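Read through the structures below before going on.
Consider the two complexes below, in which chain A is the common component and chain B and chain C are the respective partners.
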Partner chain A sequence: MSAAPVTAPAPAGGSIDAVARRVGAARVRRRRRVAGVVVAISLVALAAATASLLLGAAGLGLGDVVAALVGQGSPKAEFVILRLRLPRVLAAIIAGTALGLGGALFQTTLRNPLASPDILGVTGGASLAAVGSMLLLGLDGPAVSVAAFAGALVVAALMWGLAWRDGLTGIRFVLVGIGLASIVSGLLGWLITRADVREASEALVWMVGGIGSVGWPELATAGGALAVLLVLTAFFSPRMPLIALSDDSARSLGLDATRARLVAIVLGVALVAVATALAGPIAFVALVAAPIARALVGNGQAALAASALVGAAIVLVADLVAQHAFTGVAVPVGIVTGLIGAPYLLWLIARGNRKGSDG
Partner chain B sequence: MPRAATLAPTTGTPGRPARAGRRRLPPAAALGIAVALLAVVAIASLAIGARQIPFDVVVQAFTSPVAGDADHVVVRDLRLPRAVIGIMAGAALGVVAALLQGSTRNPLADPGLLGINAGASLAVVVAIAFLGIASPFGFIWFAFGGAAVAAAIVYAIGSSGGAGASPAKLALTGAALTAAATPLITLLLISDEGTLSQYRFWSVGSLAGRGIDTVVVLWPFLLLGLLLAGWLAGRLNLLALGDDVARGLGVRLATTRVVTAVAVIVLAGTATSLAGPIALLGLAVAHAARGLVGGDYRWLTPLAGVLGAIVLLAADVIGRVVVAPAELEAGIVAAIVGAPVLIALVRRGKGASL
Partner chain C sequence: MTGTAPHGLRAESITLAYDGRRVVEGLDLEIPDGRITAIVGPNASGKSTLLRGLARLMRPETGRVTLDGRDIRSYAPKEFARRVAVLPQQPVAPDGVLVGELVSRGRHPHRGWFGGRSSDDDRIVAEVLEATGTADLADRAVSELSGGQRQRVWIAMALAQRAGIVLLDEPTSFLDVSHQLELLDLLTESNRLHGTTVVMVLHELNLAARYADHLVVVDGGRIAAAGKPAAVMTAETVGTAFGLECVIADDPVAGSPMIVPIGRFHRA
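Up next is the complex of A and B:
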């Protein structure tokens, strides 16, 4: 923090008022910084969304796009914008927000930057249940989202049950999660090999995550669920500092963090399930969003909101890259996020090593 | 039931100090029983499937084959290559895991868990997609290269820093590497629906659809890997006492490490070329072997190899039976069998070392 050089030259005998003023000033600076970061991330997201609406083979100008958005465009422009590009942008925003926030809840609760729902198999559980409910039970619409939530919850519950031993150790959680993730991905692979060959590229979406073929009914379901979860998380967020304490410190303060942790994990599972039911397991967004947000605004409640925004911005930008950077093929967004996220994960582990900790 | 037999020792020893009190089979007997089991499973894999073939017909197919007989064709051209591939890949995976566990003193060592298989897969896909190399003899070198690069990265990242390479760090690095390779592989395959359709079967560890020509090309590499493993086994026993003691007893550490690395890369690359990236099988069978014959690598390593072959072949047979007339790929069954072993190890707190 830049507060230290300011306070250093002040006389030691400064009045309490002066200290209070300085603390107040630091708080204002911090708030301004958070606000500035939030505005900046929002601008990035907005720019990516605009570019997503503008770019493409249809050759529409800004005027056409705006006209189509307000319902005054040509039939062709309205089809391209309202049926193809806008759902895609909204899906990116919904999935990114949910994954960013869900990842932040997981990482804070398990106190480990590696404990993201995609590494732990929770995303995979949602994906498996969603694919299974579609292929085996023939479900669609909101029922798939419910199945995804159930699948994610089952994996999370198994992980909690198997890794719990007199408290939570982040690393044990992560290793148990890797084991569960390998079972889940095996079963998912099996379901996908059963699918019709013509659906292979759709199956790919369920292996890596993609937002190319999302329609309005799915968006309405996911958007509604996300809104409810955002409100719940906002109500819950004042308890986040308690969760971030270690077991020992919480106990020494006479507090029990277990219930708050359970609530945080269930919220995180639900958020991840919403995103996965909509767009498949988009890799690494949940892993990278929260650390980026913390680097920008510091720890605390602001980091939750910032994580959600960063998640949305990442998916929007990654989808823009996925659509336009690879000539000739439509690449699912999950491949781009994977290409960015995996090296980051390796770096995270290497850095943890240098500090001599297990992450 | 071969599956129950191989699993019982790992799941049946909840506490660690059971080592002294428990009676064990003599190692030679354990190995003999395992080989006999392997023969049973191999015959089962020739007889059982969507088309049930009686035992005497299976024998006939080899002793007096009738050209054009449908049962004989199925046994000789479809099921025999599949069984041989299962035995080769399973043995390679079991031996690799034993070597890795011994040389890194890491109970979580497994070529799939450490990302070595993922590296080999990526390299094979690059060879097929970009360079148009379709023959096993062409892409096996890429499998070795990919395995070598992945092993180097895992070791460099996993052991950087003062604390050395802890099992958890290595496993995490391997998971990260697998996660890094997956989108690249998908990206290479995406433009070609035919390749994608093939790859989704290969990526779950299917033994089906590979001809005997793959076996013909790859068996010398398997043999080389197994010979190196045999040379290493006695030295791994000394390494288990610690680097300093081993050096004092005349083990040349640098040579041993290099030979281990070559053996691991050759075996993991061969297994991946044969059957795709199969995770957690090696981990499970190496621990089962340890439970059966103890920590002597001269017995543990071959037993892990035989058990690996049994489990992979049995997984293939089970996969053919449980969802008949469809099939459940062997790699999936192996993951379902292997993951509980990983979780049990983590729960027991075997984080530190062997």
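Up next is the complex of A and C:
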């Protein structure tokens, strides 16, 4: 036959061991870097949270704050810290974590940096359902959260159905999502204009994304939901490196790619809904958190933990700015994140156009 | 059927279609175990589709593909991936992924539900990096590599699955001649050293005839001819399948059939 006998190139066992050690060492370096980034972002978040607890008109010192936190403070300090500032900080952490992680799941699963739940109308769907349930049905409390989740899920399901064609490509999903986002925002506008002025202004404040009026019951609901979702995402996360490849590559490595992408999207939708139900649609956090985290961790990874922490840090810092940077008025946190996020989005689109790529 | 279960990969009258458009129709094919099979055919003949069907990337409308006598759809995804590795056409790595990391993903079918790695994962990754000549690239980003290097890295990932059967869809496209040979040598080495069954869709007929033990010519979604290259690669088969007038000569190096095509200006 045509084939000449092939002799083994006699790979020295020693050189294989050396390569194996290098592969292992590279992985350890990656892990150390991820750990370093996680610690650094946590410190930033901690600093912002501490500043949020300390700053304000009440003139409380560090000692007053600590005393209030452990239940030994003056009634005034306890009211300011436990009723006003601490819930605010916790809401920022919960909403930011959920948005950062949700955005990372979306972007990795759809393999497109533009594919963030706020661009795709998933957040909008949550808002529409939440505002609708408040204005039309007069709901409040946990019922609004359930409505927000349902709204986000409906938009995501519509998107999946409309974008599906013998498989799912990120770019079609994004285009369909942008279309749905504008439909949703149109419907929101219509809801607001036909509501009475007082209710409409309440809804508008909610829609900008604020964490000022969050109470303990809402925090408990959102925190519990977030904890469950974090555990589920942690169990699911070993599949993310395969999902980041093409569907064909993922399948040939033994992953049911369609099901895995569906699970990742549902987790992302649930996370975004938790955040939106708690704090309104805080703009652009889901879009920017994961790319920042990936840049810090080193590219090519889903960087889920780092994305979640970056999300929390962004909302904490943005809220600090919203509360104290503007003299006289405190603005909702969503305004600040929008001011940061919108230019980033423009940059992303401009860069994508220049590369002429799918991202 | 004398009681022994059929061994290896075979297609039993499969029909494969995209959106109802049938590309492969009622096709039977047996992949010889431990051999190199090349699938050739003109553009749009259904050769890549056939490979996708064998690779479980496409569900047949009718018929079935079996592995050791069992329908491939009855295998759990990871179990199938431990038996059959697939290199799709033009795979894409996310920006910034390192070579070592990408190749390590080939170990996924051998990992448990939580993705925990086994102690010999790194060693197996090192072995395939060494075998594909990519060990020196282990710490480089895949996106920085040249086309030839990148293709070798993807093959390393497929080999890291340690599957007995490797399916490749046009692994040599977009490579220059020397890199094409390098890649086919690499696959031959894996076949000769480890007995890996190699099935690949190839464009280049002369390389297919030279490297394949078993040659399958697909035309119009059916098998036009299959067998040893010397038996299959006739002027008549090439003429009907590719619409190409040619002379078959002996490859002066390998002795395999060599197609010398004849264009309009060189007819006698």
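In this text, the second predicted complex is superposed on the first by the 324 of 359 C-alpha atoms of A that agree within 3 Å, B and C clash if a C-alpha of one lies under 4 Å from a C-alpha of the other, contacts with A are read in each partner's own complex, and residues count from 1 in each chain.
In this text, a contact is a pair of C-beta atoms (placed from the backbone, for glycine too) under 8 Å apart; a residue touches a chain by one contact, two chains touch by 3 or more.
The shown structure was predicted, so the numbers you read here are calculated from the model rather than taken from an experiment.
In the superposition on chain A, A:Ala40 makes contact with neither chain B nor chain C.
In the superposition on chain A, A:Leu137 makes contact with neither chain B nor chain C.
By the touch criterion stated above, A:Leu245 is placed in contact with chain C alone, chain B being left untouched.
Of the two partner chains placed by superposition, only chain C is touched by A:Ala20; chain B is not. Once the two complexes are laid over each other on the shared chain, residue contacts for A:Leu262 go to neither chain B nor chain C. Of the two partner chains placed by the overlay, neither chain B nor chain C lies in contact with A:Val231. Using the contact criterion defined above for the overlaid structures, shared-chain residue A:Ser182 touches chain B, although it does not reach chain C. In the superposition on chain A, A:Ile171 makes contact with chain B only, while chain C stays out of contact range.
Touched residues of chain A were counted for both chain B and chain C, and B has more of them.
Against chain B, in their complex, chain A makes its touches with residues 114, 119, 162-163, 165, 171-172, 174-176, 178-183, 185-187, 189-190, 192-194, 197, 200-201, 203-204, 207-208, 283-284, 326, 328-329, 331-332, 334-336, 338-339, 341-343, 345-346, 349-350, 352-359. Chain A makes touch with chain C in their complex at residues 1-6, 8-9, 11, 15-24, 26-27, 30, 111, 166, 235, 237-239, 241-242, 244-246, 248-249, 251-256, 294, 298-301. By the touch criterion given at the top, residues 18-19, 36, 55-57, 76-82, 84-88, 91-98, 100-101, 104-106, 108-109, 111, 113-115, 122-123, 125-127, 129-131, 135, 138-139, 141, 158, 161, 188-189, 192-193, 209-211, 213, 228-229, 251, 254-256 of chain C touch chain A in their complex. Across the interface of their complex, chain A is touched by residues 108, 112-113, 153, 157-163, 166, 168-169, 171-173, 175-177, 179-180, 182-184, 186-187, 190-191, 193, 196-197, 200-201, 203-204, 206, 279-280, 326, 328-329, 331-332, 335-336, 338-340, 342-343, 346-347, 351 of chain B.
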